[in-house]
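Dropping the structures in below, format is structure tokens.
Both complexes shown next keep chain A, but they swap its partner, so chain B is in the first and chain C is in the second.
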Partner chain A sequence: MSDIPTFEVDSVTKVYQSRGRRGQAVEALRDISFTVAPGQSLGVVGESGSGKSTLSRLLLALERPTSGSVRYRGEVISGRRERDLRDFRRHVQIVFQDPMSSLDPRMRVHDLLAEPLRALHIDVDEGERVRELLASVEMPAAAARRYAYQFSGGQRQRIAIARALGPSPEVLIADEPVSALDVSVRAQILNLLTGLVRDFNLTMVFVSHDMAVVRHLCDSVVVLYRGRLVETGATEEVFEQPREDYTRELLAAAPRLRAQRGLTPSN
Partner chain B sequence: MLPSGARPGEIEVDDGFGDVEHHGRWLHNPSVVIGGGIVALVVLSGIVSIFWTPYDPLAVNPSHALAAPSMSHWLGTDEYGRDEFSRLMASSQIALFVGALSVLIATAVGIPAGLLAAAREGAISQVILRLTDILYGFPALLAAVVLAAAFGASKMTVVLAIGIAYIPVFIRVTRSNALVVLNSEYVLAARAYGRRTFAILRRHVVPNIATTIIAQMSLLFSLAILAEAALDFLGLGTVAPTASWGTMLASSQDYLGSDALLTVWPSLAIVACVLGFSLLGDGISELREARRRS
Partner chain C sequence: MTALLSVRGLSVSSGPLELVRDVSFDVDAGERVGLIGESGSGKSLTALAVMGLLGEGLRASGSVRLGDEELLEASELRRCQLRGDAIAMVFQEPMSALNPTRRVGDQVGETLRIHRHLSRKAAERAAVDLLSRVEFAEPERYARMYPHELSGGQRQRAMIASAIACDPGVILADEPTTALDVTVQRRVLELLDRLVDEEGCALLLIAHDLAVVSEVCDRVITMYGGRLVESGSVSQIINEPHHPYTQALLATSKALSVSESSLGSQLPSIPGTVPSAGHFPRGCPFQDRCDRRVEACQVMPEVVETDNRALACWNPVVGTSASGGGEAA
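Up next is the complex of A and B:
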């Protein structure tokens, strides 16, 4: 089982065609290939506009690649109809960057957390499962009756993480999960994520522009630059001996990296 | 809001607090209070007039024609000796009926079409939007004239003309607001856990655009009442002797020099009613904006 990769991204290209007669094509990703092994934590790094978010949407089969394919445990998921993706949807969940916009303002926390269970027809006691999920992200059970806007940014992100854990996924895609948060709470959320990945034996794809965080969390890394994959390999290798100029530049742009290997917030 | 970075253990959950705050805001908004008050008064007088009016609004009494306001006839009588106050009360029935039914027609067609246009990009959306443009360009007054000519002037011709004229407004408001929700990350998250388009519309889009739609309904209700009065005035809607603010206004024209009050009463009723509904609509929009900023 361990020889079947969790994700297999095979020469994926994604072109966005803007509408209209003179619509220009924007190439978000070009010929990207990599694999994610079960239990692995993969970091996807690159600056904004490098195609990171497009990649996470392709991994979730929310968009179809223009060419190439994405496989999950050996099965092609790219371009499949929604009804064929039932099992896949249970297995792969996402945490977005901004918990304010990723949580419906009209739903109470209970419903936010119960929605994935209802949608995926997971037969559990809703109230009990919601309490469990809140506990796993260190939130009190009473939070279930409130709305997301009644919480701070860090707490909202905990709620978003709890929602992603609801269907007991095997893979967690974290798309810049701390970039929108105050520096003071980033470490808390990152430590929570690390703990959850360990406790639930999750495979994680961690999308970020923050090299220090990726180094802390991930055992291998994919470096994107303008939609192209410039470098991939084990985190330590890539960080100690970057082969590509762009990777070196990215590392140089994060000067506190060498001085500060831990994740103590710098406030 | 809780202080940013508060440790989870320190949350003081004061259940129901949010609800209290929410109800309180409604009563602190002057537009909602004043507009709601006027609307309540109009609705009340409309309902009461079904069962009781001081006089029969249609009872002719030539010996009391064009009487000045008095204890027995609070607002005086018209040229046939009919009690003005009773007629004003009975007229609110027609205004409310036409307003409610035309807004209902406009929303019943406009909201589903707007949702469909937002959810299905491409051909379906384009067809709906082009039809909207055509409908938008078609003058409601002309529609009323055609309907009145074809089926005879009645309040139903007014309802149809106004209802159809407002369909494009609801399509546009619904579509543009639904698109904002559909492009949000919480909808993306919902798709990631397997929600399909219809469920997303029902669970996320409709609840999030409901307040905007209700505010729009209230505003269009006020415009519908105004349009109804205008069409009645022109003889394209309710016809004499049935009491409506528009027909009262039309028949009072002849007495403008001698009995100007006959013009004043229905005008005041129209102004108050329109003001009430549009204030209520504005108030609801203001509250929505305040909520969005919080």
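Up next is the complex of A and C:
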């Protein structure tokens, strides 16, 4: 495994300037630095307004930082022209939160899975690749002929994951991929992700507000609060010995199964 | 003594399709009952049927009693009198439940103008008091704002303020914290919990998260496929679930805990997905996904009540071996 980090986020600040005369500026992220090593599963946790989504957009080079830089395998990706990013787009894929809105309901599953292959000019036998992808997310090959709307939420998220796997990415960025799913299905999708990360040796950035899910899936974690990086470290350390008050507060607020009702934290 | 809210044999149907079937439960004054189940289990429809807010084409049958009054036979006028006054509901999506074109204070006070015939001025003052009761730091200022100017948690608290305006005996809360951040979720749950303590009202809390229910509620009802499949006290359900569906939900909930590492392990999961309405198997709705299925499951088992708990299963989970209790309380 190479020593070059998959992602290097260096002193990144992102300010959104609102249009109009008053032109208020909103600082979505301030002076964020961290790295993601190859093969790592990094959890990005924080509440709404913490800058999680801005951060994933920066990692995907969909936004450029106001200052600072984002490097992918040593190369700056922010501010590059789209045609220079073709390899990057192949290597870094995303799974969105809501499979009901991230998949075009009027497209057949075959086309949903083949579209990124065509767009990125990946020369493969489409039919065969689609079958492979469906198999990797434990869906029958016959699903290719059907439309996304004919599937349940969990099955659609499988299709969305298969679509992301199409270009054989090195990195999967997952933005709250299980929070719109039913409890019983959530576990299936988490198991699927665990298996895929292992089998395809994926590096994963998992954005979530659910601390329990992050603890299950990620070996390291970044805690964001109002655009600032509050704490980062190995998941075990951060969860067992949080150094910052905000991290402690987040952990204490997470619901815990109890045999007797009570809202005060047990520890 | 009769329970404050008593539901007996409640069914909700859309034409020939029965979406909720033969559901019975009680909620007493001062009691918090959790209703868990996944989408399609019929838990929201049950609450809407109790409120008399079922959409067009849906029909409720059976019995819903509020104190001595049968709600399913009450006129729409009478139901309007009760709704917001004796029985109130908190919805999941405060952004769509609140009117975007009216100030928060107006909407919170509206309940009092309708039910208590307060003047506009008096309702305004009452609304400010209510907003401060749900922990708004500057209630006067927030009362003048529009819903879009509030955060999700503030909107949810404003909706709770409007629900408690007339001191209802029964509060139905349908996933009131699902759309909220964890720290905000906790505050809203604490607020609901405190209101039950202070007002002695009955709370029916609908949630999909068993952990949330176990923190707030005294009793738990599990629904699946429009049926009540199990109910019991929180400790009975958490320590010794009898229905395979409850047990499976519990196993997942336990494995995915903030306070224990399970990095990279296989989570217990339920095979398959929740079928859409009308596609549940005949007999027990859970049989296709159940690992304890037997021949008898093709007929829906009766709900049997023993020892303050209820169960509808032909081949229940017995013994405590399958579970080891929740985290220490």
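Rule of thumb we're sticking to: the second predicted complex is superposed on the first by the 254 of 267 C-alpha atoms of A that agree within 3 Å, B and C clash if a C-alpha of one lies under 4 Å from a C-alpha of the other, contacts with A are read in each partner's own complex, and residues count from 1 in each chain.
Keep this in mind: contacts are C-beta pairs under 8 Å (C-beta built on N, C-alpha and C of every residue); 3 or more make two chains touch, one makes a residue touch a chain.
Keep in mind that what you see is a predicted model, and the values were worked out from it rather than measured.
Of the two partner chains placed around the shared chain by superposition, chain B is the only one that A:Glu115 touches, whereas chain C remains out of contact.
Of the two partner chains placed by the overlay, neither chain B nor chain C lies in contact with A:Glu63. Of the two partner chains placed by the overlay, only chain B lies in contact with A:Asp104; chain C stays clear of it.
Of the two partner chains placed by superposition, only chain C is touched by A:Glu236; chain B is not. Contact with chain C, but none with chain B, is seen for A:Ala212 once the two complexes are overlaid on the shared chain.
In the superposition on chain A, A:Glu126 makes contact with neither chain B nor chain C.
With both structures placed on the common chain, the touch criterion links A:Glu47 to chain C but leaves chain B unconnected.
After overlaying the two complexes on the shared chain, residue contacts for A:Phe96 are found with chain B alone; chain C is out of touch. Within the superposed three-chain model, A:Asp10 lies out of touch with both chain B and chain C [touch as defined at top]. Comparing which residues of chain A touch chain B with which touch chain C, the overlap comprises 152-155, 182, 184-185. Touching chain A in their complex are the following residues of chain C: 32, 38-39, 152, 181-186, 189-190, 193, 208-212, 214-218, 234-235, 238-239, 248-250, 252-271, 273-274, 276, 289, 325-329.
Those residues of chain A that touch chain C in the shared complex are 47-48, 152-155, 182-188, 190-191, 194, 198, 209-213, 215-219, 235-236, 239, 249-263, 266-267. The touching residues of chain A, when paired with chain B in their complex, are 57, 60, 62, 82, 85-86, 89-90, 92-94, 96-98, 101-107, 115-116, 119-120, 138-140, 142-143, 145-147, 149-155, 158, 160, 163, 166-167, 182, 184-185. Residue ranges of chain B in contact with chain A, taken from their complex: 1-6, 8-9, 11, 13, 15, 18, 184-186, 188-196, 199, 203-204, 207-208, 294.
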